[in-house]
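Here you go, one structure.
Should a chain be cited, it is by its letter among A, B, C and D, assigned in written order, with residues numbered from 1 in that chain.
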Amino acid sequence: MGLRIFIIRRILLTIPTLLLLLTMVFLVMRVLPGDPVALHFEKRATPEQMEAMRHILGLDKPLWTQYFDYIVGLVDVNYFVTHGYPDLGKSMQTYEEVGEQIFSAFPATLELAIYSMIIASVIGILLGVVSSKKYNSVIDHLIRGSGTVTYAVPVFFLGIVFQLIFGVYLHWLPTGLRISPFVEPPSGLTIYLSPPSGGFLYHVLLSSIFGLVVSAICLAILKIKHVKFGLKVIFISIAVFFASWIGYAYASWYFMSVRQLHISTGLYTIDSLLEGNLFKFVESFKALLLPSLTLGIILSGIFVRLTRTNMLETLRLDFVTAAKARGLKESTVTYAYALRNAFLPILTMMGLQFAMLLGGAILTETTFSWPGLGRYIVQRINFRDYTAIQGAVVMFGLFVTLVSLIVDILYAYFDPRIRL
Amino acid sequence: MVKLTLLEIDSLAINYPTSSGVVRAVEDVSFSLNKGETLGLAGESGSGKSTLGLSIMRLVPYPGVIVNGHIKIDETDILRLSEQEMRLIRGRKVAYIFQDPMTSLNPVKRISAHFVELIRTHEPKTPNKEALERAKTVLKNLGILPERINDYPHQFSGGMRQRIMIGLAIALNPDLVIADEPTTALDVIVQAKILDLLENLRKIYRMALILISHDLSIILERCDRIIVMYAGHMAEYATSLELQKAPKHPYTEGLLRSIPNIELSDQKLSAIPGSPPNMLDPPKGCPFWPRCPYAMEICRVKEPSLIDVGHNHLVKCFLYYKQGVNVE
Amino acid sequence: MSEVKIKRSLMARLLPSLTSLTKKGPSGWMVIIGIIIVLALVIMTAIGPWVTPYNPSKSNVGPIRAPPSLQFPMGTNHLGQDMLSRTLVGGSIMLQVSALSVIICFLIGVPLGLFSSYIGGFFDSTLSLVIDAIYAFPGLVIAIAIAAMLGPGVINMALSIAVVYIPSYFRIVRSQVLSIKELTYTEAAKAAGARWHTILSRYIFPNVIPSIMTVVTVNFADAALTAAGLTFIGLGVTYDIPDWSWDLTNGWKYLSSRAWWIISFPGLMIILLALGFTLIGEGLSELLNPKLQR
Amino acid sequence: MLSEIIKVEHLKKYFPVQKSFLEQLFARKMSYVKAVDDVTFSINKGEIFTLAGESGCGKTTTGRLIVRLLKPTSGNIYFNGPDITEFRGEKLRLLRRKMQIIFQDPYASLNPRMKVGSAVGHPLEIHGLAKGEEKKKLVLDALNEVGLTPPEQFFNLYPHQLSGGQRQRVALARSIILKPEFIVADEPVSMIDVSLRTTIIDLMLNFRKELRLTYLFITHDLAIAKYISDRIAIMYLGKIIEMGNKERLFLNPAHPYTRALLSAIPVPDAERGRRKIGLKGEVPSAINIPIGCRFHPRCRNKKAECTQKEPQLIEIEKDHQVACYFN
């Protein structure tokens, strides 16, 4: 009950946060000294050419209008639905849609981020727990020391070393790209729907039956949750009926015209599994291994320290001693009591570290020629392509905001105290 | 009536090695406790009373180590038990109640989980449902609505949480309950309620109780026997009546004279001069001599040992040595 | 004259506190080792130009990409420059950039945090919101965006890094001030009639310094790493002056030639520099963590 | 009366329930913690007046309001005649020389980065009263008076080198160095070891005589209150429910809450088992104070009017007032 209200409130809170974020990006890119167009051409263009460029990009409009266009472009749902990506303007270099380029680069970054996060948290939390349990022993000092060293290693240096060892010398693993250029990228799951039978009436009938079923399920759920039967419930069930009816009708019409359903995540390891192609899975996994290990190991240092400190603090709390005094098993005390509580601040920090991970991802992607958002931004910097840079920065911002939203909801889920 | 010894502690010593030196938190403590008896451990902060209490559970906090002595529960020396065997004593034979009820329950677990976990750890064959029922009965005895068993700790007030802690302590009907300042964090009215509850339950379940407190009034009111601790040492050990009527150790004497009594008017209080010793650098000889009005030459040089002044009244003070003691 | 006095009293204060660190267990040793590493690197960079065997910027002093030998103990790079000479002096830009950015951060973040939290109210809430938003943002992305706008150069690099880390200072100062404000000694000063600036300067600020120190050291490490990262993606100093990250980047470009020495030595130097500061920072934060003290 | 040094009239302090900045934007309405809810009393010159009650009853907040560390929501505070509620700037600073406060926690009330000497001397510096050697002499005198002897030895120590009792003495020295007329002592001994409490209390009693000080003593410990004070007020949920001369109040407690409170206090006596008067339930939250008498949900002998109208303090004998319909 409390959790739901918390989630709704937290989601509402992201709106001002996002607005703030977008404004700040706008301020940095437009208000900071330095004219993007002049910087882009690096004095190699005539004033007329530059003026024309400004006109194409809308930079000749007043600042307020630019700001308005920029925000509207981002929240334009219609544009998003028809194009499949938001309106982030046109690239100064290629005159292509920045949104499209970014959306095609993003899954690569997401995949890298997810895998390295998993590696970092598994290594970090495991070693952190061990270290705190063996406080002030040789093991503790070793773990702590290696964690500190990891923190001091530039991520691209580790990447280069990995490339040198596993790629150049040993030839075990690929040192770049998401999948070998000779292999077709995995396509994901494709479901071929049987050609539609029956006529118009058939569809109407089918969709209304579907609507009835859904609203019946909805009523049953309300009944289980002890909601009193009244006008509100009737209204809800009617709304549900119409919604599912229209939805089903639309879907069946859509599938009739498409006749195949395509499910693809953009994450090669998952798509290849969906496709059922183990070879592609192995290939993409091998390509992913070095970059995600690089990033994961670098980040694990922070996780070790975080886990260790929080565990040490928690292990001293009364309820841990109290649990021991009740004769609970050592493992129960460590994991269900200490780690479960120490995990909450770790979770918060994980959210913040995610931002750091994305920073590291830029360097890792550059090192491994990983075609993600990070490499995109670096390439565009070389062309001084400011619309693209701005778009990529916004995308990073959205991603971070989403992650922090998820983290906060998870936090509330794990900590009963916050749901007050 | 046959008195059965439940707990026997013999020349116990506990050290905390720190980076700035060794703190001798508990030194040369010996006493025994019979079944069903109540014993009070009185002392100021840093007197080692909590360390002593925790050592009976073998839970002396890091970096403390028991360097000497025996702790016997029902004739078994618990210092020789394996961690696994010791675990089965904690909570089942000896239970512990902590000072701060706000922090001694796991904030992310429901009350029911605390109970079920405890019961099923010690009686693994108990089905979940039965454990839950037993927990509800315990709550009812504590004056808490059994429906609230599915609440989280933060939904209870301090007094209620301390009741729950007591419930967890008595749930398996242990032989000994150690209550470490169980009411210090609570207001007086709640304090009285909690202490009454503890006393009643103790009588019903026939448990022995060790009550640790800095407040001598509480201990005098509630305990049969008292140990007064000073700087890790047992200064005095006596029945509460005798301790109040005829305190032997100068520290006990001073302590009793510095406690205000609400029942008396025009009471004259006097303080013990000086302050408790720095445990990293305690005075040589008797730790109390710098504050003692009767300090003699010998007190600065030699540490007195516990002597019996009759009726199992023990005191660690040179004033009660029969003949002169040789100064080495 | 007074300067000498100040110096003397500083030394008198620092030396005993350094020796007392050795008694504080591993955390104290971490701080000491960190200080030694950092000092050694700073001294090496400072006296480097006088002790290099070759001119670090001169090409073709030896064969191209020669492996380590007696003549070139760290080998040569693709331009035939001596790696040992370059390594000896290559820290100057990173040190400059990180020191500069730390100074900027300190000068902006600390006063901002002090005043904002002491004043409180709407100003504080709004500012914290903005700062938190920057803090939650990927630091390198901000640094890249700003560095891309400002163009290359030591000062620009320092500025773009500073923007990333000002929030850390602000946040730590703010949280410290808020907790110190709760302690009654500031109230006692207020009750004694002290003016707000007296309270800030004599009661609050001196107690914030220790936590700022940990941020400063961690910030040094982060700034050095960020500077290296910026150079790596081409936003650093663009002309060829001896610089560890520049050399590392070049080594990477010729990775397939298996010239491990071109990347290893500059890379290890960067690690050493960041490690020195991290050790100090981590040691200090453990020593100062009130939850771990008993 | 001229001999009144402090007079407090209808003092109220409501704290808004803290919410984060963004939460405030979505909050439906503000709720308040009514920490002090209409308190009226006066303290005579030279007397020790005690505010006693359980935690959260508003006694500390009242003390802080009087020394103007907090701003009252409404009500008036008079000090030596004039209304000081609205004092600010220089006027307030001058007032602060006359009234001081001692805090509960001796570990938090001294700046860890200030040596004992400068901590005690700082008030003199703030008000520009003494400098250099003169200041040092005054500080040494003050340290001497609080029993930190030899004072020269303590002058250059940092607080962390002192014990709790010694720190509280330093705080005491700091509070008397300006020669104030009135001191609020907020639980000054509750965090000090039992064997040292009496020393601090005795020092306070000495200063009353020597410096003709007046104290507002705040405590949860009625046994200490009985030992030290002349008059006592018992607070419950932000309001005084019983007030009067010490002897009368302890001999003849009239409010059911006072009776329960008194019976609950442990007595250093092993012989007699005392009967404790239990109270049902717990103190309600100060956000939602019960209507009528705020004690009625826990009272054994409440009647209809208790749940409707709040009883006011009425005199039941000379210098003894109770807010209860049963007297």
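For the reader, a short list of remarks on this structure follows.
Going forward, a residue touches a chain if its C-beta (ideal position, glycine included) is under 8 Å from a C-beta of that chain, and two chains touch if they have at least 3 such contacts.
Please read all numbers here as calculations on a predicted model, not as lab measurements.
Using the average of C-alpha coordinates as each chain's centre, A ends up farthest from chain D. Across the assembly, the chain pair joined by the most C-beta contact pairs is A-C. Once the centre of each chain is set as its mean CA position, chain A and chain D turn out to be 55 Å apart. Distance from the chain B centre to the chain D centre is 32 Å, each centre being the mean of its Cα atoms.
Between the CA-based centres of chain B and chain C the separation comes to 51 Å, rounded to the whole angstrom.
Spacing of chain C relative to chain D, judged by their CA centroids, is 48 angstrom. Shared interface positions of chain D, defined as residues touching 2 or more other chains, are 22. For chain C, the set of residues that touch two or more other chains comprises 25, 129. By the touch criterion stated above, chain C contacts chain A in their complex at residues 25-26, 30, 129-130, 133-142, 144-146, 148-151, 221, 225, 228-229, 232-235, 245, 248, 251-252, 255-256, 258, 260, 263, 267, 270-275, 278-279, 282, 286, 289, 291-292. The touching residues of chain D, when paired with chain B in their complex, are 54-55, 163, 165-166, 193-199, 201-202, 220-224, 226-227, 247, 250, 260-271, 274, 276, 278-279, 282-283.
Of all the residues in chain C, the ones that touch chain D in their complex are 125-126, 128-129, 183-185, 187-195, 198, 202-203, 206-207. Every residue of chain B that touches chain A in the complex is listed here, in rising order: 54, 57, 59, 61-63, 83, 87-92, 95-96, 98-100, 103-109, 117-118, 121-122, 152, 154, 165, 168. Those residues of chain A that touch chain C in the complex are listed here as 17, 20-21, 24-25, 28-29, 32-34, 36, 39, 136, 141, 144, 148-149, 151-157, 160-161, 163-164, 168-169, 305, 309, 312-313, 316, 351-352, 355-356, 358-360, 362-363, 366-367, 377-378, 381-382, 384, 386, 389-390, 392-393, 396-397, 400-401, 404.
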